[in-house]
Structure formats: structure tokens, C-alpha cells
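Got a structure for you, questions after.
Each chain gets a letter, A, B, C and D, in the order it is written, and its residues are counted from 1.
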Amino acid sequence: MTGKNRLNGGMIDRSTSFGFTFDGVSYRGCAGDTLASALLANGVRLMGRSFKYHRPRGPMTAGSEEPNAIVELRSGARKEPNTRATTAELFDGLVANSQNRWPSLKWDAMAINDLFSPFLTAGFYYKTFMWPKAFWEKLYEPMIRRAAGLGTLSHDPDPDNYDKGYLHCDLLIIGAGPAGLAAALTAGEAGARVILADEDFVLGGRLIADTGTLADEDGATWAGKTVARLQAMPNVRVLSRSTVIGAFDHGIYGMVERVSDHLLEPAPGKPRQILWRVYSKRAILAAGATERPIVFENNDRPGIMLASAMRAYANRWAVSTGSAIAVFTNNDDGHRTAADLVSKGVKTTVIDTRPDAPETTDYETLSGATVTNTQGRLGLAAIEVTLSSGTTRSLTVDGLGVSGGWNPNVHLTCHQRGRPQWDENLAAFVPGGTLPSGLSVAGAASGAFSTHRALQTGQAAAVEALGDLGLKASNPDLPKAEDAPIRVTPFWHVTGAKRAWVDQQNDVTAKDIKLAHQENFRSVEHLKRYTTLGMATDQGKTSNIAGLAIMADVAGKQIPEVGTTIFRPPYTPVAMGVLAGRSRDKTFRPVRKTPSHYWAEEQGAVFVEVGMWMRAQWFPQPGETHWRQSVDREVLQTRKSVGVCDCTTLGKIDVQGTDAAEFLNKVYANGFAKLPVGKTRYGLMLREDGIVMDDGTAARLAEDHFVVTTTTANAVPVYRHMEFVRQCLFPDLDVQLISTTEAWAQYAVAGPNSRKLLQKIVDPEFDISNEGFPFMACGEITVCGGLRARLFRISFSGELAFEIAVPTRYGDALMRRLMEEGKEFDVVPYGLEALGVMRIEKGHAAGNELNGTTTANNLGMGRMVSKAKDSIGSKLSERPGLNEADALKLVGLKPVNPDDKVVAGAHLMTKGTPVDAAHDQGYITSACFSPNLGFHIGLGYLKSGDTRIGEIIRLVSPLTGVDHEVEVVSAHFVDPEGERLRA
Amino acid sequence: MHDLSPLTPLGNAEPSIESIGEVTLEEVTDVALASVAARLGREDDTRLALATLIEVDAPAPSRHAGSTIRAFWTGPDQWMVEAPLETHEDLAKMLSNEIGSAASITEQTDAWCRFDLVGNDLFRALELLCPADTADWSGGEVQRCSIEHLGCFVLCRDPSTVSILGPRSAAGSLHHALVTACHAAF
Amino acid sequence: MIINHPILGPRDAAEFVYKGDASLINRPDWQADDAAERFHEYGYLRDNSAGLHRELWFHEQGDRSWLVVTRDTTTHEITKVELARDVARAEGRSR
Amino acid sequence: MHYSGFRVIKEALTGHRGWGPAWRDATPKSHYDYVIIGGGGHGLATAYYLAKQFQQSNIAVIEKGWIGGGNVGRNTTIIRSNYLLDGNEPFYEFSLQLWEGLEQELNYNAMVSQRGIINLIHSDGQRDAFIRRGNAMILNGADAELLTTEQIVARYPFLNVNNARFPIKGGLAQHRGGTVRHDAVAWGYARGADKYGVDIIQNCEVTGFQIKNGVCTGVETTRGFIGAKKVASCVAGSSSRVMGMAGIRLPIESHVLQAFVSEGLKPLLPGVITFGAGHFYCSQSDKGGLVFGGDIDGYNSYAQRGNLPVVEDVCEGGMAIFPNLGRARLLRMWGGVMDMSMDGSPIIDRTHIDGLYFNGGWCYGGFKATPASGFAYAHLLATDTPHKTATAYRLDRFAKGGMIDEKGVGNQPNLH
């Protein structure tokens, strides 16, 4: 029913049959299958093509170390390229397609590369494609790029959601095989907070892939019962489909839980995957081991796989991987595979490199023999065996299991650059050097290969961890299990083999490694980079050691002398979506709304992002077809009568304490000690390096109470800076800081009628006449019949202006009231653009001028930097380089021909000089059309600008094709004497 | 009395309330806030004054306490005071009178939006939102942390009630984060 | 990374903002004869040690304390965490 | 041995038996005219130009590990000259010109691929700044073009223009920018230098300097003392450690920068693209992997590895502009140690110790600078005067107030 190669038994649910397609052909599989097991069950073993030579490939493994059987899973926007068929859990309706082939998997035109393989050796591209020069980008590279790559990524946005989360535990156990389960049981019963994570969808590790018993039940049964026991413990969290991807500093682990990858699509509101940041006090790595292949001629045909994978397919998935199978081994474990296959009725022959191979009557064993070649175009048909006698013999088999011994999965122990150590007895690298702090290793991952030792070391690691955590271990009894000794005789590659694959996905052969050595790429890192060994999507899990062994061989060294490349996170590749979580599209970053936001929306305002804030840019009126019409109207009407602008976004910091004034003297370049209560002062803030950090105002509400404003962009850094000055530089000043930006809705009311308008809402007992409330006055008042408010007589527009603040929740109502009461003055709301125009007309510096490289001197405010006191930045602002004679000075610029534009970002040139960097005189920082003047104006920095007023210079912007004459003028285009401010 | 009507942080006349699975998510607007920061050398005076106000000792780091008037720890010698808005609209001024020159008082009522999560196993939503270890919170805990790039306070009132205070201007974004986390968790 | 905050206990370093070498606490005397030279060294020259490093972190997403963290820059191991304000006082920055 | 089409075919047909070593493994002599510390891209390029361009001889490059193992072996392979300030732009433009002739110069295919770089613009203020930058580039003889969003979408059809938190309002392009096969740069210069007789000495770590009354006369190494007329430090990432042995404190902090590569994919990204409202830039290698990065971790580190928050921040930036990346898988992440200088710009200068020279402070911009850095450093070593494109890269600029601060963030290295 679910395939001709189905055997009896296994851990699949035959009662739940799933339909799926591969390359458009429909098949059926069972719940519990992977895509690979289901395809193998259906007799499909050709699943992919290799990267370079496009060689036919089938699954080599039954797990996440798979290099060959990688496919495009799903379709449309959900297409997942490079998905391992060996870990993709089968579901009803699954769609998969092969990749990196054309036109079809069986007939791949690119397989021509295989014929040209003599030309395509390691690093061949460094030696050629150079002639003629121009051909690289035009011809060679596009060709290479089209041929390279694996799967294809959809152009459509990923429709699924991803979550991120944070987990805390005493003990994180990575891997739920015998070692992990024993550790979890021990720690769980001791009451520790445990997280047990495994990448598989069924827990048990090798226990569910192998036969053999624990006590009197088979391993899979024991695993199932143990998992159930753990799930029943409130202090244990068992996570399947959860891969620990990286070991980061101080016990933090990254873990990806694949919540919905086994479903057609995620349930509503549920994520596809979750990235967990696990905070652990201790951790145990029980990630098991990976069997390694032996390198021989044509060892890459579909049907050739790791012996343990064959075993897993037979035992767990009830799939026979061939009708006649050979096992090529250098250790006893290969014989376990043979035994399991034979017990399932599969005809099996063992080729053992060891002369003293164990003999049995169950199957034929060829001792001291090696596999020296294989045949079969799209799949294995026969192998050539060289017997100990030296004679060769051909075996007709469609399956070949290879066992070169086992490599502990040390990956996470290397994530903090610890290097594994060579274990002669195992002929493998085991965890060594400095492990990530708090991490210990148990089971096969530590080299304890037998089930018995896995259980023992798992428990021991847990006991040790519990000790560190100050918990008492209960040491639950563990079942008796097999304890076979490790009997392996290193055998890495069949000597003389040339087209023998080491890294199957990247098509790195034994010959390539020899060539790298010949060309002096001998350091293991050079080998890796020159041949691309271990750089494929499997990160060399099955290839690195063989590569080192062959390099050691040609270099006449021992493997440890050659060294080892260290593994880097992630343990297995991770979808970028889950690393971003919910921070994408509109929710990439939070949105901050001003108090008048909803009202402005009603007015049809056009909004613009300013940092996190959404600010009204302008308020279009019926009939206005161009933004300039709206902005000009807002500017003219404000200067003529009155306008209102939401300036809540400016940072506000409450500065209190008996030393508040002295503190401000430190953080501002100009003085604040003598500022009277009820007055506001402009403040210039420098970084310690003497460059302008920010500017704003400080209003003194009481002897020991100031309210400081910052620019919108610098609210956070300025607060941080002030806390640094307070806590680190002057720890005994009595001053306290807190941000009040959000607490107050603040509106600028500007224009000749601004006072008249405010008088209609400010409660009568407060005198805001010019005498009672002069320029730069500030005070706490009430409005609209008793609502607390703050009033500041400050002006950014250059008009008679106020800023009024009320508790934020009343901001919306206040704006509506101002508009209502302002009707008689034809009040206008104005947006960011009009604000910008008016401040440029007035010559006020803003973000474009305070660009992090400007000094007070550049701004023409050099004199503000007090020499009479110590303030941040005053000393370093005296450096000669910041005070040169021809320093840039802020000036105004207007076009000689009134129709010409002034362009922000344009550069300034003296007339008659060449237009090049050597003659650059400065640049335009801000520009706009001034509706009051009727032409474009700009602010800019010009060398010795203060002495060049009236000079005609050139404004050039080759980038935007602008080049015309402008006149240098004072930056104060409007009301230079500032009479309006004081009116 | 003035005649201006307030808006909630989410921009409505009335606070929002919704049910997601077994939990409810409630916008809370009836609480006045003010920060209290002890003046240099007046830390003990501030603690005493605070204790009289909230009728228990001033809360230790990462804790909140009190009765009608409550306080939670926000920094060294610094607390946030909570009181019913109806009776304490001008909380800051009232605190200044009570505590006098011992501390710097700053009105914070409208600096924050507040959402209360009510239900069981709230940690399952919280673990998708912030690094605070809330699984065994029983009440009285508070932690300032980052939720979806927003600096928030998370307060555990009792095992089935958690308050989340965030920057008022970003109420919409915070609310969205809470809702999606609840849908994912419950 | 985890920074063990002296008041709040272990906190994810992501809650903090890094500034640099803790020597930034020792701001020179603006009236010293060689003030210009000393401010240059203060502002620009760093030991940048490979090994133990005393450095300033600001708990922006927490209690707004500046901390002095002693951390090994080759292993990231943190061996000491102090409130910067206490350090500043200990290093004689009180008036 | 010269590489040619003929040679490649001949070797292919004769089993590649004829290929010799790309460079010799030399054993140190007792004395050299020039000892260059650091077998990275810059050190090897310096040796190459010193020998070839400035006809110097008796040169050694000493490397504590294997050549190309520093940042030239762990970067995101981007080359560009889209700088703003006069102190920088001419130098990086000179570098880009050297890149353009590199393969022919070295007879080694480092796959210099000028497929263009685009910096996305998200606000009006940003546009003003980019126009100023683009003009500065053109005034310095580089190329720059202001692109509309439509023009960018034509090249990147999956760009998030409709559902973005920060709308894309165009971009500044440099079409001559692009990518290079980074390892090949080190190998190519090594092979080139070797051809001119430069001794390349691997596994030779400097343990101290021999300095007698203000003059540096050689270096102590793990392979013994090596005398030299001129000693040139070129060890960005470890500059403070090495120069510390000479008692020199630098305006530099070491920080870790992480980089990332995805699984191989069929061609997706035609060029290099940089997100202006978050920390993310990305290109696609010839092998098909998306190569991307973002901000430095932000704390002093020599550990060559980073942490999760930056990994997440970078991927958030990626998803923000390319929402189709969600199902592409990150394959590998790694960290490199950067010399982060106090103004974000490098230093190529003599020191107050005669015979001791310094090259460092490259921040995360060192790779693209490799050819010009080598050329300018060689110029300084051979003539004792700075190369005309590197006159601003002096050690004393901080004392004098001549900072070259592209980002405008001041004397805090982790902000550059």
C-alpha cells in the first residue's frame, strides 16, 4: 500500500496514509515517514543532483547530516529550497521537487560537467576565465552563477509568521537519545528545572533506529515510556522538533522549534517556527554521533548510504533499501546493520577491511576486502570488491551500506572556538579544549558509544550538574543495555581512488585534496577554502574527517597534526524568518504616534516616519494638487496669522535636584547657573570630543527644577549621556533625571495672532501679555477651566510663538479646541515641511546642520562655549583642526536667477575654479522654496563663509545635474533683528 | 473643572478590552503615576515618606507593594507610585506635599500605557514577549525589560494578573505584540 | 551574554548599551596645565587589552544604572560587576 | 608559474601533475630590509607592491598562523568607493581602480565582479546626505547615480516597497562597486609577492620588538629573532596587542563583527544592497550563497565570535527589505575582530619609533581597501612619505583635531 520496499514492523502508523508528490508523481506514505523514507519505500532512490558535476544522488543518511537528498519542499510562496528529504516529516498533500537539474532529474543536461571534470578540479576558476578581461562579468561569471546555486527561492513574501521567545532552566539537555533521557530522568526526579530538546519528531535517538533491548523491553518501547514519564513531570519541558542551533556566551543557547513544519500550513495565529533563547545554568550535550563513510571510487551512487542509515530505514521506517545489499565496514557496527537486514529477510554480504573480521553463518563476510569501484547510472547496480587475495570480484547489489566508524557530534562544543581532541581508540575527534562554560557532554557525543555507557554517562553528567546547582540526585535505576566494545580499525579511503567523493554535495574528491596539497594549500583552513570541502549545506558532517585523513596521508602526517576545522553555528541551517521573528514588514519596528495623530488622520494629513514617530508632513486642503501648495499655504498663513504644530516628539527630560543648575552647566557649553526661575534658555550641548551633540532649551520651573528639551532624534542618546555625566563623572551632584517626553502633549502656536488665540484658552488668572509673559518666559498654568498646563514662549519659526503642553491624554482635545477657537484667525495646522521651511527662513540649525561633525564654531556659535567653566567638550573643542582660519561657517544662500533651485546636498565652488574635490568650498545642508521670499533658499556650510556675505559662488550637484550661481547671504532670511519674536 | 475629554492610549474614548482564548487583555486608564527619586542624602527620608503613603515598606528592587496607593521599584532610590486617577488626578503635586524636599517628583501618568493580562499560565504568552522569567511569579514582582523593541515594565499583581506598562505613544504597537503573542500561546 | 547586575541579578546583555573602557570615568582636570594632552589621551587612547577589561555598560532597558563590568575580551567571561557610581566615588570623583 | 588557457588545458589532460605550489613556504632569514608583520590581505599586498612597484628586495611577511586567516578570510567581500569625506574618498577610489586591474596584474582570478552596490534611501534627510555623498564621489572622480525606487525594483523585484515600516525612497548606486572572492585576494598577492622573491613565513608569531634608543631593529618571534631595517605592523584586529609590545597605545578598540552566509540558491540578488533604516547588507556569491552582515556586536572582543542579539537584528533587517528571505536558510555565522578606530577611519603612518611603521584601524572597511592599503603602505615604507591618497591617515590627527568621521558619531569606536 505505501510502497514496494515496505518491510514489517517499524514506527510508522500504517493506519494513517498520506498522499504526496515528488517531481509531479504521486506517491503514498505513512504518518511517521520522512520524505526520504516514503520515497525509498516507493522504490525511489534518485532524489537529487550534486553541486558541480550534477551526478545522480540519493539519500546517504537518515538524518540532518544529509548531503545529497535535498529538494525544494512545498510550492509557491512557501517553497523551501535545499530541504533535506531525510528530515522532512511527511504530511498529507506534501509537494516536493528535485532541484539543480534541467530539464529533469533523470535527464540533466548539466551532467555534461561530469565529462569535463578534468577541467573542473579544485580551484580551477582561480587560474582561468581571465582572458579577455571584459569577459568575466559579461560571459564567464553569469554562466557560472546560473550553473551554481542549489534550489530556487520564491520572490513572494514568506506568508508564515515566526515567533521568538525566552526559556529559563537549570539544565538544558540537548538530544533525547539514551544519554539525554537518562540525564533528564535523573535531573527531573531531583526536581531541577529541565528542558529536554531533540531535533527529531520522535524522541529516542538511536534507540528508535536500532534493535536491541533495555532490560526486558526493546529500546524504542523504553524510550517511549521514559518520554511519557518526563512529560508528566511539571519541572521538565520536553521539546521535540527542536534543534539547539548554537551555544552562545554564559549559558545562552539558541533553539529553533519547528512548530508547524509537519503541517500543510500553520494553524491560524500560530507560528511556523519559534526561535527560543534558552537561558540555562547548566547544559548537557547528548547529541549522539554520526557515522562516517569510507572514500572509494564512485562511492556516490544512489543506493550507497551509511550502514546505520540503512539500519534506521529498516528498523524505524520499515523500509528495505535494496533487494541485495552489501555492507562495507571497518568496524563491528557494520555487522549490526548486516544482522538487522538479514533478520528482515534482506540478502546481505559484508565486506570488512579487517583481516580478523568477525565471522557468522547468517551472512557472507569478506575479510580484508575493500570496495574498489561501483556501477549503475542512476542508481547502484553492482560493486567491484578487491579481496584480501588481491583478486577482484563483482557483486550484483542495489544497496551498499558503508561504515567507517562513528564521529561524536561535537559541534556545539566548538561554538566558542574550543577544539576537539583526537581519540586513538575511537579513531575520532571527541570534545576537548575549553568547552562553553556550563556545558558537559554525555553519551556518544562524548565517545561513550554503547547504549549502556550512554545511559551511565548521561546520568553521571546530570548528577554532576545537579551538584553544581546544589540539588540532590536521586539516581533512578537505569535498565541494563548492550555494552559492546568499540572495535574499529581506521580505514579512510581506498588508496589509488581518484574520482572518489569526500564531500558529496560540493563534489570534492580525493584527487582535489591531493591537488590542494600539491599547490601548498596545506593548512586545514586553506584546504577547506581552496577545495570547498565541508562548505556545503551539511557543513561537512560526513566529509571533514575523511578530508583530513587524506590530507594527513599525502602530507605524511597524523590526522591531529593536520588539525581540525572548527564548527560554527548554526548546528543545522536555520530559516532566516525565524531569526527575524515578528520584526518584519509594518511591525519591523514599533510606531510612535503623537497626541494629535488621530485628529490629523481625520484632516487627511500626509504622514512621514521620523525615527519611530509618525509625524504629519502637511495637511492637504481640497483643491490642492501638489504638496508645495499645502506647505506654502501653511507657512504663509502661520506668518500672517497663526498656525499650530504638534511638537510632542521633541525629547523632554525632567532635571531636578539642588545641583540641577550646576549639572546643566556641565552638560551644556553655555551657562545655566544664573538662569532665573520662569525663564527658558537655548542650550548647546557638545560631545566630549568638542563636536555639537544636540541643541534644545532648558526651562527653569523652580530653583531646583528644569525641563530640558532635545531634538526628536537625540532624545534617547542625550538622556543616556546625561546619566553618564551624573553617575560616572559627577556622582555626588544632587540631581535626578527622568524622561517626560511621553507625558505631555506639546504644541507650537506660532504667528502674530498666537497670543490672541492662546488667551482664549489659557485661564484668565494667567497673564500672557508681552509684559506679563515676555520672550523666553515659561510657567505652569491652567487652560480650559483648570487643566494643568505648561507654557513656554519660545519660537522655532521666528514668529511670536508659544509652546503649550498638557497631559498627553488631553492632547487630542486641546488640538481640536485650538482649531475651534482659532477659526476667527483662520488658524492652520502646519506639518513638518512647513516647520522646516520656517526654520530655514529663520536660519535655525536642525538635524541636517547638526550632522555629528559640526562645531559651535561652524554654526557661528563659537562664543557660546564658555571658557569660564568646565563643561563637556569645551577642552577638545579648542583643538587647532577644529578652529582653522578657513573653517566652514553656516551661511544662507539664494539663487542669482530667482528661478533656480537650491539643492540640499549640492556642493559649493568659488567662481572660476575647476569643479573638483580639490576646490570644494562647502555644501548645502538644507534647502526649500520660501513662499515669503518667492524663491528657493538654502542653508549651507561654506569655507570662511562669515566673511563672504554678498559673494556670488557656484552651486554644483553633478549627481542631479545642477550647476548655477548663488549668492552668499545671512542665514536669517526672515526678521533678522528678531522683532517678531519679541512682539 | 475643565471641559476637555481625554483619549485612551489606543486612541478611543473608552479603554479597550478583549478576550483571547482563556485570557483577557484590558487597557487600563484609571491609574495615576508619578516617579519619586530620592534626593542625594535623603534616601531614608524618602523611603519613610513612601512607606507612610503606601502603608508598607518601600518596595525593594524588582518588587512592588502598597494598598490604595502602590509603588514599584524603578531604579536605585527611585520608585513609581500608582494611585487611583479619580481621586489622585494630581498625584505628583500631592506627593510633593507629602514628601517635600526629600525627593524629586515627576508626573508620569500619561507617559505610559498599561495593559493587564488576566488568566492562567500567563507565562506562556510572556515567554514569547520578554526575557523575564515569569513562570513562577506569584505576585509582587516587577521587571523592566524590552518587548518588541519597547522598554516596558512587567508587574505581576497575582498569579493570574499581569500588568504591562509601555511607552504611551507606542500603545498600538505594544497592544499588537500582546495580542499576537496571546494568539500564538493560547 | 549575561551581566550579573549588582542589584537586579543576571540580565541579558541585550538590555544594556555599551560605552567603552571604564577609564572614561577618570575625566581629567580641565584646569591642569597639560589639560589638552590629557583630554586627548582620555578621549582617544585605549589599552584595548586582550584579557581582563573594565568597561562601562548602561542598563537602558532596566534600571538606568551605569555599570563597570570586568570581562575577559578573549573569552567574554565576566568576573566582576559594580555600580559605576560607586566606582566613580571610590576613584575620588566626589566633590 | 604563469596561468594561461593553454596551461589549464594541458594540465587537465595530463592529470594536473604540473601545478606547483602557489607560493613557497619560506624559513626566516636572520635579517631583512623589510619585515612585514601580518600575512593578511594588506600585509601580502604591501609586500607585493613594495617588491614590484617600488623595486625593493629582501622582504619578509611573517604570519602567526596561516596566510589570509584574518579578516581577508572572513569578510563579506564587498568593494566600493562610495565615501563622503575628502580624507577617504580619493583613497578608496584609488583602491577600486587597483581592483579593476587586479586579475591581469596578478595573473590570478580573484573574481572581481563589479555588479554594483546600492544604498537604500528611506527619508528626505537621508536623501540630502546621499546627494552630498554622491556629489563628493563624482568630484573625486568616482561614479555615482541617484536611483528612483522604480529603478531599484526593476533589479530587485521582491524588494518590500508596499508593506515596509520605513518606505524606500530611492537609492544611491555605485555601479563600479561589487564583490571579490576574498580568499583569492590573499592567495593572489601571496603568489605575486612570492614571484618577486618575498619570503612568506607562516606559523611565525611576533613576541616582541628589538628597540634600541628609539630605533626598531627587528622582531623577536616564535621562530627566533629576525633583524630588519624597517618593521611594518599590518595586523588589523590585533594592532593594540602587537604595538603594545612596542609600548605604543593606539586610538583603537578591537570589536567583533559577525558575518553570515545562507545555503546556496539559484541567482537572486544581482548586486550588493544596503538597508538604510536597519543594519543589513547583502550580496550573493558566485557559488549561490547569500553573503550578508550588519552591525558589530558593540563590545570589545578578541574572541572571533558574536552573540544572538546581533544575529537577530541583522535578519530582522533582511526580512524588512526582502520578505521572501524568510525561507532561505542561514548556513554559517562567524566573527572577525576589527580594529575599530576613534573616528572610523584607518591609520597608515610612521610611529615615533624610527623604523617602526603602522597600518591599521580599518574598522569593517579593510577588505575593499586591500590594494590601496598595500600600495600606500609600500609607498610609505619605501619613500618615508605618505602616498598622495593617504595623507590624512596620520596618527596625530586626533590630537590635532583632524578626525575623518564619516558617520559623525565621534570618539566612540563601537558607533562607527
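The rule we apply is simple: a contact is a pair of C-beta atoms (placed from the backbone, for glycine too) under 8 Å apart; a residue touches a chain by one contact, two chains touch by 3 or more.
Here the structure is a predicted model, which is why all the values come from computation and not from measurement.
Student: Which pair wins on C-beta contacts, A-B or B-C?
Tutor: Taking the two pairs in turn, the one with more contacts turns out to be A-B.
Student: Using mean C-alpha positions as chain centres, tell me how far chain B is from chain C in Å, no decimals.
Tutor: Taking the average C-alpha coordinate of chain B and of chain C, the gap between them is 31 Å.
Student: Using the average of all C-alpha atoms in each chain as its centre, how far is it in Å between chain A and chain C?
Tutor: 28
Student: Could you give the separation in Å between the centres of chain A and chain D, each centre being the mean of its C-alpha atoms?
Tutor: From the centre of chain A to the centre of chain D is 23 Å.
Student: Any chance you could list the residues of chain D touching two or more other chains?
Tutor: 303, 307, 399, 411
Student: Which parts of chain C, given as residue numbers and ranges, touch two or more other chains?
Tutor: In chain C, 1, 12, 14, 19, 40, 43, 60, 64-65, 75-76, 83, 85 touch at least two other chains.
Student: Which parts of chain A, given as residue numbers and ranges, touch two or more other chains?
Tutor: Touching at least two other chains: 164, 248-249, 252, 277, 279, 416, 583, 587, 589, 591, 688-689, 732-733, 876, 879.
Student: Which label fits the chain touch graph of this model best, line, ring, star, complete or other?
Tutor: Basically it's none of the tidy shapes, so other.
Student: Which of the residues in chain D come into contact with chain C in the complex?
Tutor: 238, 240-241, 244, 249-254, 298-303, 307, 309, 342, 398-399, 411-414
Student: In the complex of these two chains, what residues of chain C are touching chain D?
Tutor: Against chain D, the touching part of chain C is residues 1, 12-14, 18-21, 37, 40-41, 43-50, 53, 55, 71, 73-76.
Student: Please output the residues of chain B touching chain C within their complex, sorted ascending.
Tutor: Touching chain C from chain B are residues 61-62, 74-76, 78, 131, 144-146, 151.
Student: Could you list, by residue number, the parts of chain A that touch chain B in their complex?
Tutor: 161, 163-168, 268-271, 274, 277, 279, 582-583, 587, 589-595, 597-598, 612-613, 648, 654, 656-659, 704-705, 732-734, 736, 738-745, 782-788, 806-814, 817
Student: Within the complex, which stretch of chain A touches chain C?
Tutor: Against chain C, chain A makes touches at 248-252, 277, 279, 416, 434, 437, 688-689, 716, 720, 723-724, 727-733, 870, 874-876, 878-879.
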